[in-house]
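All chains are identified by letter, namely A, B, C, D, E and F, in their written order; residue positions are counted from 1 within each chain.
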């Protein structure tokens, strides 16, 4: 299956199409709106389901097998912002806080992009490590912490003590809802194992793909509202939102293969590196680095990188993984 | 008594409440809000964009302290406005 | 199976009974209330599911086969208000705006009534065209547009330009949430086909009947609150709410058979003609024809016609379709 | 299977672990919060599902078989507060209104505790009467009514007429949302029978265990916030929250066996007696006995007795039922 | 006209509205609220803990009657506060 | 500054906001509300029946313009009320 055909197949599946419907409705200023609370409720469902299933698989795989990939994933999350910050600051001429914030968003991860990737792999018949959501879980926080650290150091605000700001950021990053839910559900899945998964399968597995499609409708509505904000970021931000995922994704694929992940697993790690956070990072950065303009990072993450990844990006990272893992 | 109303980004909710408590407010009423202003539209359907509307019933000197700190600490960092007015309350001593 | 037995079987199924529970709870002033947002969330789910499934079937049937029935359905929606407006205006002595608004509600359609009818057909073992929700999708807007047109012309308000008012109404009718969702999900289902349906079946198909039952509980609560409003409409409105569906339903059945629908399909088209809108029409009329009293149309649609249709009406339209399609 | 092993198995299942996650998140002051409306929506789902399934089983069992256990359950609910009130009033030195309110909470029942018990029995392979949720349905109101009666008599407020207060309380107890939903859904299930259950199984049965797990996450968050309130109740309340369920549970098991319930059924009746209401009772008592401090009863019910029951209590009541029903 | 604002436990919503009607208010606006006060935090996510915020536009003499009855009937039994202020309205006769 | 509060049918939300902007308001805060009045109960659980509560902080001359247009354009067509009061604000120039 070549890349184009793979992109086409991916595009003609419910999740990306519902995202497109949401974007179109928002752009046409339809009165299709999110009932308040639904977005938050679906987020909780998705994170709990992703975590729980991953935990049950983690139990099956055994903790011993996963340390390597998990450590590599956490390291990638911490290091990626260090690479993208100078690009944003000096090439893109963003203010220090903005550059740090964007770098943190792109170092951190998007659980929904990850999930679309697993569906894509499943429907393409590619195997992957079932515990891969453990990689997702460890990649949220490090980038946020590093981003805050950079932002604070660069801003060099004399008034506040760095350590206080960082401990606040650590709180946000580690006790934010997505980290707590993902890590908590992962632990629960691990403790319950396959037997527990069987019990709650009818809720956490059977309807999952459909819930994801509905969530993407909502995400499309949110993203559509952000399209106008892109102008404030200028052409550089747009380019960054398209190029950064490709570079970070390729790096993720390479590292994944190097630490022994399967082809599918490496494609997933690539997707994680390529994806940008729009739940954990925005909330944490808003409180720990409020000088940063939240509009820029969110518009880039949601209105550029997310649609890029769920349409073209994911098939691309898989193609890279296939090519590089060929003997 | 003064009624101080602060409309601010929902993500800063706890900061606002802490500031009010530190200034001496004995309580607060918080309601959800969306809005539109200089920073664009703030729809209430996702928490990242929503506003909160915080009402504080306080004696005038505490109102002044709150206004002063909101101006210094919140205005430069968050989409936020504040207005205040005189109100008559029951149980004066409570506030 | 005779009509009475058929009504009895229909009554003793979860959806109508949950509706009855809701009405009873509202009349008894129980503190059973809708959590805010739930009604809106369930509406989104139902419309997306109905549209998506219909779209997948449309793909299977092929676009060529459906033009005839679709055009007939749209025409019915546009013409029915023209027939009922004079009745309401001159027999019922309603103000022009009110008559136009009620006529629009009854020319437009109720997705939930449609869905109850498909469940009824399924459990009665009657086949119908899987793409029938395409008929539903095209019947929402025309009646609303015609209703606004009549109302504006009859009111003959000199101050505002008719074209401006109509373009506003067209916006509402075509970009209202139910039309966007139904048509959008229909298109997505069409693009994804059966393969896509398989992916999201666990969410859009498996739990559908149960979600419908829960939604009817909520609708019952809403309808129960409207019962008192009926008094303001007088006896004529009550009679209209019972007679109009029968006449419009019979017409729909006849037209359905004439354009080549199966017995079940004709019963569905009859149900659509008989049903009155309580989501799309109220919102659109409120903005495009605010002189109309929203209480009258909503009370008649929800507290008279909806319960009539889901209990007696649907079996009746099927009985008509069976009789008239007999060789 | 001995008690300890049974407790361990029960602990390592999704529902109690998600509850623990919620409590931990609340204690750590994570920003994991309930989207407004979700708690209410899940409550409606759970009550409708429990009632409906029970009703369908009731239809299968036949009304004749259930009068005995149902009457016994209602009587237990009415009598338990009479036993616990003096203990709370004179040993615990609570104010009359507080003692009456706590007694009412513990005489009434928790639908979620009941549900966790049925899951536990199912996974332990123990049979029970399918109509047991009818017992749940009749045990909510009597304790509340008796509690209000005691509280009013004890307070002997001259100003208001007792009968007026009681009729208000009866309204609350009988038209409160949980009673209306449970009894209503039970009746609907009974009318629809197994055929109706089949129709809505994909929503009311398949995902049920998973929804329960998610609800327990939310309940954990709510309970975690209440832990601090426990201090206001003192050591006596804590002890009461642990001892009362054991005594009431043992009584329930004994009565259950006496009226001819199976081992599993007796364990369920024990669980019902042991459980404390945190939905119906708080709302009703707040309005009918507002002098009572709502913090005390809710903290004890949610932060002590509920976790005790879902971890240690339920296996214990089953062990008692097994021992006492041995020939 | 006077604007009377009552913040109270959500479970007492209907009591407040009945009291206002009995005192002669012709209408009421109710918004959801959470809060913090002497009785601790009142988060709005479960109805048992939530507050409501009731606004009543009424003539001064009715405002006085409402205040008096709220003080007597609600304050001893519910977590509740009240404040009031002068407002200018359109269609004076409506209130 | 004046604080103008409009309570109106939720379906007319965008009309109210457009009217305010056309009159010169630089922002608005919108909160969900239910209510009761001459047109009966308006519960907030379905959008068709819900109210919105729109607050506008504006200079007095703009307040007058808003009141005049609301009276002329909204009152005849929607269930709607308006009240206004004086408030003190920070950053006067913003409004």
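Everything below uses one rule, namely that a residue touches a chain if its C-beta (ideal position, glycine included) is under 8 Å from a C-beta of that chain, and two chains touch if they have at least 3 such contacts.
Bear in mind the structure is a predicted one, so any value in this text is a computation, not a measurement.
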Other chains in touch with both subunit E and subunit F:
B
Can you list every chain in contact with both subunit A and subunit F?
B, C
Separation of mean Cα positions, subunit B and subunit A [Å, integer]
33
From the mean C-alpha coordinate of subunit B to that of subunit C, what's the distance rounded to whole Å?
45
Where subunit B touches two or more other chains at once, the residues are 31-32, 44, 85
Mind pulling the residue numbers of subunit D that touch at least two other chains?
33, 35-41, 206-207, 283
Pairwise chain contacts, counting only pairs that touch as defined
A-B, A-C, A-D, B-E, B-F, C-D, C-F, D-E, E-F
As the complex stands, subunit A meets subunit D at residues 36-41, 44-45, 48, 52, 172, 175-177, 180-181, 184-185, 187-188, 191-192, 196, 199-204, 206-207, 283
Contacts from subunit E onto subunit F in the complex sit at residues 1, 3, 17, 26-32, 57, 85-91, 94
So in the complex, the part of subunit A that touches subunit C is made up of which residues?
12-14, 17-18, 21, 24-25, 28-33, 35-38, 41, 119, 123, 205-211, 213-214, 217
Residue numbers of subunit D touching subunit E in their complex, please.
33-36, 38-40, 222, 225, 229, 282-283, 286-287, 290-291, 294-295, 298
The subunit F residues in contact with subunit E across the complex are 7, 31-38, 44, 51, 53, 67, 70-71, 75, 81-85
